[in-house]
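For reference, the structure I am asking about is given below.
Note that the chains take the letters A, B, C and D in the order they are written out, and that residue 1 is the start of every chain.
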Amino acid sequence: MNFLSDNAYGVLPEILAAVTAAAEGTAASYGSDDLSHSVEARLAAVFDTPVAAFAVISGTAANALALATLCPPHGAIFCHAEAHIAVDECAAPEFFTHGAKLVGIDGADGKVTPEGLTRALSHFLKGFVHHPQPAILSLSQPTECGTLYKPDEIAALAAIAHTHGMKVHMDGARFGNAIASLGVSPADASWRSGVDVLSFGATKNGAMGAEAVIFFTPADASDFAYRRKKAGHLISKMRFVSAQLVAYLADDLWLRAAQTANARATKLADGLSKIASVEVVHPTEANEVFLRLPVTLALKLRDGGAQFYDWGPPENDHSVIRLVTSFATPAEDAERFVALAQSK
Amino acid sequence: MNFLSDNAYGVLPEILAAVTAAAEGTAASYGSDDLSHSVEARLAAVFDTPVAAFAVISGTAANALALATLCPPHGAIFCHAEAHIAVDECAAPEFFTHGAKLVGIDGADGKVTPEGLTRALSHFLKGFVHHPQPAILSLSQPTECGTLYKPDEIAALAAIAHTHGMKVHMDGARFGNAIASLGVSPADASWRSGVDVLSFGATKNGAMGAEAVIFFTPADASDFAYRRKKAGHLISKMRFVSAQLVAYLADDLWLRAAQTANARATKLADGLSKIASVEVVHPTEANEVFLRLPVTLALKLRDGGAQFYDWGPPENDHSVIRLVTSFATPAEDAERFVALAQSK
Amino acid sequence: MNFLSDNAYGVLPEILAAVTAAAEGTAASYGSDDLSHSVEARLAAVFDTPVAAFAVISGTAANALALATLCPPHGAIFCHAEAHIAVDECAAPEFFTHGAKLVGIDGADGKVTPEGLTRALSHFLKGFVHHPQPAILSLSQPTECGTLYKPDEIAALAAIAHTHGMKVHMDGARFGNAIASLGVSPADASWRSGVDVLSFGATKNGAMGAEAVIFFTPADASDFAYRRKKAGHLISKMRFVSAQLVAYLADDLWLRAAQTANARATKLADGLSKIASVEVVHPTEANEVFLRLPVTLALKLRDGGAQFYDWGPPENDHSVIRLVTSFATPAEDAERFVALAQSK
Amino acid sequence: MNFLSDNAYGVLPEILAAVTAAAEGTAASYGSDDLSHSVEARLAAVFDTPVAAFAVISGTAANALALATLCPPHGAIFCHAEAHIAVDECAAPEFFTHGAKLVGIDGADGKVTPEGLTRALSHFLKGFVHHPQPAILSLSQPTECGTLYKPDEIAALAAIAHTHGMKVHMDGARFGNAIASLGVSPADASWRSGVDVLSFGATKNGAMGAEAVIFFTPADASDFAYRRKKAGHLISKMRFVSAQLVAYLADDLWLRAAQTANARATKLADGLSKIASVEVVHPTEANEVFLRLPVTLALKLRDGGAQFYDWGPPENDHSVIRLVTSFATPAEDAERFVALAQSK
């Protein structure tokens, strides 16, 4: 019962097959091969618009390169106070942007609100050189709390950002889980709602190591390729990364994998919410479940073979824990976990 | 007949098998899995000394992170004027080190000489704040010209560097080819000759995307892990990178693969050196052959199906071209190329 | 009635005389002159301990260089949420440190508390590469609210910082005002309370443009001189900066100037606190007075010739305003301001 | 007889008077005062074109900020191999640009030639991500050898640069000496010859510490003010810097001061060139004289009270030395030096 992370699971068979097939013969290096050339067009088809897209091999690289491409060193990047870019990337955005300021915004369930964004912006005077200048709004979809922005919520935030001359970045490390849950098109959840650049994750959802940075205004990406190279993120045998992305997008594999992960989380949340001593802390809208439960119960669950992270230190004899499900989480694991939590 | 790059070839079957095997089950992420934990010990065994070792997925990342770990922003890095770090990484070392100075040193056949190094150092006054301070000597092994430093040559250069308080970095993107050719131990060609940190490449020699940065004084590496994370180079499913390195080192696979590559280059050089109109420009000591030949002959070779890079623009109706062989270059390709070059 | 900033005032006559005298004859450049050499010893005498000290010409440079010298790129710098380094330097610390993370801590009257610091530290796991590593506690003395840390308050915070392996920086842009008010020795308010490095400001208190960065453990400063040069902050005719510092320290000029400034603020606060419609928002402990007053009264004061800044936007028909006094603020200006505020 | 540097001399009386006058009364800080506002217009008048101009207090800051404003992190900056930005600023440009590559070009008498520039550019392929992209040509005027580019020489180099999409920077730390010697207008020696941004130095020519960065296409400067602030180079009491620049430009003070310096150098060169054992190494076109002379003669000159720098280590019992003259170098010093060199 591994609920530590979707990263703990291996690779979708279709993706492994694609990597194996890519090993045949010779191919141009550094992304000049045919497979790599095809990635952009496939993403354009999925998103129903021309894009400039670039493969990288980590979510941190995707986020940091996307941000640095659109944010000058004297820019400010607004995000939720608990956003991954703010708290879990060892300040990679500050490094890649050469010192931009990340501004954390509080908000329930991991979500930035229009009020929160507006209030934060009020502290940054346009043209006042002592203040970093608002440059980017970064939204995590799903959020760090496993919740989702609906397209109209994104649009409302993006409208504020654009009014202030900012660009909108979406950290979609689990974008597939968001789309599978929202039931809207990738386009509606991104550029049609005002997203300018998307970190489109595949690794957590069944790839070996593959993410794409997708610019919906291709001209925005004019120097991305140089930044990627300069950061050591241009892979010589890029075809092995591209093969993963191509397989991931084919036949809606990415959405099917995400549906499985989401279903497992729903099953967990449904079962656990009926247990009196357990509180589901945030709405379970994708593939993460956050629970507040007695420390003794957490201990019993671990003794029973469940693996998961504590989300902060215990308070009042209760812990908040995080369960993450994946494309390969067995249904039985969810059932066993619920049963274990129910047992006296 | 693809002689463009060793990167053009796929993956050794043993490595593909290892990646496939690593896809089974769950594992801790970000390098906390058992396979990843084993990499350091295996490298220590190969190098016959305790090491601190870190996996990354590109040679540029390996070099830039190694350099940044040992060179302060106000440091100077001495290398051959044609070194990969100086001319082919879009100034990644300058980015990762936050503005260190790369100092190019001329030298025949791609090699830094003691005289060249001493002369270059004479322009940098110790303690004079207007000058970046000598911090690193970086040697490419094999060099950009496909030649090799013998252990005593490395030792002589390292002695000068150490006398000046500098560390010695070795860019071993093709380190396997060097060891297979030199016939000395990995230890003798590295730390026993004064190398402090090695970029140990596997990708060009049959991995999918895997390099290791090896510090021979583990204390030198104290902040490497943070720099790797901050640069987006800590892979979440690290086991897939580690699996490649483990398979690469097992049963001398890396040396056998390199021997094949080197043998193909030797065959090319032997055959081509007998052709009157063709000059082998640098000694062929690893898996690269540099030729000066009439432009018309280069054209004929390309028409005959050979792929290779021009090494600079033509002069006096002659081109310099580079041929690179790999673990998977067919012996017949080398024979066909020579035959094509001989034919009237 | 200029209460906009202490920066709005000119130069102490003794400092102008010193600059004029320094213009005579020739002198070694870049700080190698006798006057510049003497600055360190004079600061050591004032602080009653050996120091490594360096002159710069702006407070932002002093802070950013001090922080970068002691904080690695993957470090975290803890400071009050409203600290100057956090909100008013266009993210200079992030630039100079190459991407360190500034962590803002809330606290009444601009002061960091032990509880606030401890809570903030709890979010940063030691050795966890995803988190920037706690490296610096930065305290502003006086704070952005014109309040002061007493030596034992500094010591309590420094003890927490040192326990976590962090260094303590003090932003003393108005350090003279603090010492003049606290009535303790410079040593007690700095290194004896655990401060490792001090940005010692002179500009706001009557210099033309001169600050010193003072390291109380000289070995900590080993690469400061290179960082200063690399940032363009090593002045060629350094004697003109050094002359200011020497004159500033001579005969307690700095303390006398600060006493004047503080006395003006006290006079303002004393008078204003007796007016029913005016609230003194923070204790007036140095040379800044913060008032909450009706917007109409603020308008009347401006109409009457007073210059000052609003501190944030008005709320409920009241503004918070800041008054800053200086070494040269006329006593009559303080009296006139109070009278104007009292008048119907 | 101080010929070490023009920096060794103090301040022009007119500039000291202006600084003294600026100390009166209160003024807006951070460059918002009237005097500071007037600088741009005065420079526009001197250069006969609208400009965007910014004051800083060091030549390194002027150069590094100018370069960083126009060169992306993945850009390449071409300059003479001995240029100040390349060898004497502790790699400040690499820091400010976040890792751009400086490309040194050899050339007689410190000058870049069209052939040298064209050859250097041939190594940088446009659009090839492995290569930094040509972004800036930086010319020093006068050069590090005290020689000058004539306007048509600048124009020829600028034409090549512009054809390659590059901008042209001029390091005019001694620009006044260049104009005083060339006898052409500031406009002809800068933007009319293709210069896009000029580091306009005043410090070496009689200011206390004042330089201006002048953009001849104001739109190029859109983010300069933020970069200046972020680097700690926005001075709070900016009026003291602006006062220097205003006085420097008034009544051609800058040109008169430079004429004095140049005349001293000419007197030295004329006298010394007649001495058999002394060779004037480069044409003396501004205020620097380079001599090759017996080590014994250098010793005798120093024994006689002359101060100057060796320009590299002695070879064959001869030294190359540099003499720099300034606005305040006594004519007698030049005469005494020549006489001393002539004496048996």
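Couple of notes before you dig in:
In the analysis below, contacts are C-beta pairs under 8 Å (C-beta built on N, C-alpha and C of every residue); 3 or more make two chains touch, one makes a residue touch a chain.
Model, not experiment: these values are computed from the prediction.
Looking at B-C and C-D side by side, the one with more C-beta contacts is C-D.
Placing every chain at the mean of its C-alpha atoms, the farthest one from chain B is found to be C.
Computed from the mean C-alpha positions, the centre of chain B lies at a distance of 41 Å from the centre of chain D.
If you average the CA atoms of chain C and of chain D, the two centres end up 34 Å from each other. The distance from the centre of chain B to the centre of chain C, each centre being the mean of the chain's C-alpha atoms, comes to 50 Å. Shared interface positions of chain B, i.e. residues touching 2 or more other chains, are given as 30, 73-74, 89-92, 95-96, 98-99, 129-130, 226, 229-230, 234. If you check the complex, the residues on chain C that touch chain D are 2, 4-5, 7-11, 16, 19-20, 22-30, 56-62, 64-65, 89-92, 95-96, 203-204, 208-209, 226, 229-237, 240-241. Chain B contributes residues 73-74, 76, 87-92, 94-96, 98-102, 122-123, 129-132, 313 to its touches with chain D in the complex. The touching residues of chain B, when paired with chain C in their complex, are 30, 72-74, 98-99, 129-130, 133, 223, 225-230, 234.
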